[in-house]
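The next block holds one structure in the form of structure tokens; read it before the comments.
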Amino acid sequence: MELFILTIDYSGTFVFAISGALAGMKRSFDVFGVFILGLVTAIGGGTLRDLLIGSTPVGWMQNTVYLYIVVAAVAFAYLFRPHFRKLRRSMFLFDTIGIALYTILGLQKALSFGLSPVICVLLGVVSATFGGVIRDVLSGEVPLIFRKEIYASACLAGGVLFLVTDQLIGERAAMGVAIVVVFVIRTLAVRNHWTLAFGTADQS
Amino acid sequence: MELFILTIDYSGTFVFAISGALAGMKRSFDVFGVFILGLVTAIGGGTLRDLLIGSTPVGWMQNTVYLYIVVAAVAFAYLFRPHFRKLRRSMFLFDTIGIALYTILGLQKALSFGLSPVICVLLGVVSATFGGVIRDVLSGEVPLIFRKEIYASACLAGGVLFLVTDQLIGERAAMGVAIVVVFVIRTLAVRNHWTLAFGTADQS
Amino acid sequence: MELFILTIDYSGTFVFAISGALAGMKRSFDVFGVFILGLVTAIGGGTLRDLLIGSTPVGWMQNTVYLYIVVAAVAFAYLFRPHFRKLRRSMFLFDTIGIALYTILGLQKALSFGLSPVICVLLGVVSATFGGVIRDVLSGEVPLIFRKEIYASACLAGGVLFLVTDQLIGERAAMGVAIVVVFVIRTLAVRNHWTLAFGTADQS
């Protein structure tokens, strides 16, 4: 079961780093820029969470495997750039399972610092989504998840569900259920173009 | 007197969160984006201060009332969106008293970490103003307070004044005087279109 | 020899702050904006490194001399604005020696926190380059060093070289060699328009 978590964690890091690297290549960044964009996308959310709760040195700096995964992902993104249209479905799969897992791992880490559950759910969502926010800010874009299909909201639902069911059905089962729910919500949202907008927003 | 401080603190958080939420709605952000923009505007400055001095978990995470104020402010901003033109005067009032208070509370917190007074004044100004800076960066805008009427400068004046008078007339009186001075400077600056620019800046 | 390091450290801070202040003046920022942009350019990289490893209060807040250097640099930038074209060569000199030194000082500080050498080299490069990244983000620009001539890569080469030679030839000699190498790489890169790009990047 730990192996299952590690597999998702590493695959998620890989897929997040690819998304950052592709964004950098699209903007003609140089090798350093592409690498940094891959890195911040992969580890930015967890880094922000660790800074906010005061868990330093931040997580990815204590285990070099994350850095090597990012390097591998950047190389992979470069070599297979023309083929990512075909890989889109696999990437969506790992990305969605990844955000679900990161939400829960982030939530659990925050709980271990004695914070209120509602703050911990928020920190879980931040862990899962702020890598992409930092990627977009560094690329000169308005963060995609602020305008996009139900992405952060799926994480929020999964986090709340995990928190509620954790004590009832056990940690592992709760984690499994939450991941499935995030996956289903996001898949349905993308298929049906669901959004959670505040109506039309033409006021200033 | 503590009640007075709490009232300003909570009103300021509410007004800052509204300003962030309105910025998000103007850009057609979804519910999550609007909430995050309200949150970072309200707590971003104090969060940056806490990170820089090493006071973690950062302040707003230790008391959920700030999170609930932000949620209430976002809902309020959505419901009363068409009416904010009329509310502008009240918002200016709370915003200006808010930045004055945040400057002083930030300054005091930094002093309690044994830092030099000049650094503490700077951290006070950062506490009061960087929520708006982060809001603008996340909205894809160049930060308003870098180009605007005397906003940060009013905080700076208030912070220095508080530091100088704190020992002479007592903490509460010094706080009152500083808040009034920030308010007067900013009101005059807005009325008379004062700016503190470096002349025309057409060099590259 | 300590004097040598201090001289480079202070000159580097001065030159970095000027580069930030000029960027702010070019965008017609007010005095506060110009100062903040000078400050973050000068101390942003080291601040990010300190936050990530958990060394707080961050470095520049424990010694006010950095703040005063930034204030002096902003004043200098304002007064001599028309003459910076002539000063470009001196600025390039100090900037390049500065990033080399910051890479090594950042690397050493990270090592003292018991982190893996590969992470420490990365933190050295972050120390040297992220002040400029934050300057660009706050100015509404896509970070220059993500698109530019061999800048971060020169730091990376210097950092690795220092790490390898430190034990062999002594700290001071290794530092001297690394600084010279960063300087030579960057000078050649600028002269010959070297870049490290991922080929043409027209994919999306």
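Think of it as A, B and C in the order they're written, each chain with its own count starting at 1.
Heads up, the rule we're going with is that a contact is a pair of C-beta atoms (placed from the backbone, for glycine too) under 8 Å apart; a residue touches a chain by one contact, two chains touch by 3 or more.
This one's a predicted model, so the numbers in the text were calculated from it and none came from an experiment.
J.: Shared interface numbers for chain A and chain C above half of all numbers used, same, or below, different?
T.: Different: fewer than half of the residue numbers at the chain A-chain C interface appear in both copies.
J.: Using just the Cα atoms, superpose chain A onto chain B and tell me the rotation angle to the nearest 5°.
T.: 120
J.: If you average the Cα atoms of chain A and of chain C to get two centres, how far apart are those centres in Å?
T.: Here chain A and chain C have centroids separated by 30 Å.
J.: Listing for chain C: what residues touch at least two other chains?
T.: 51, 54, 137, 140
J.: Which positions of chain C touch chain A when the two form their complex?
T.: Interface residues on chain C, with respect to chain A: 51-54, 113, 115-116, 118-119, 122-123, 133, 137, 140-143, 145-148, 151-153, 156, 195-198, 201, 203-204.
J.: Would you tell me which residues of chain C are touching chain B in their complex?
T.: 22, 24-34, 36-37, 47, 51, 54, 56-58, 61-62, 64, 67, 78, 81-82, 84, 137-140
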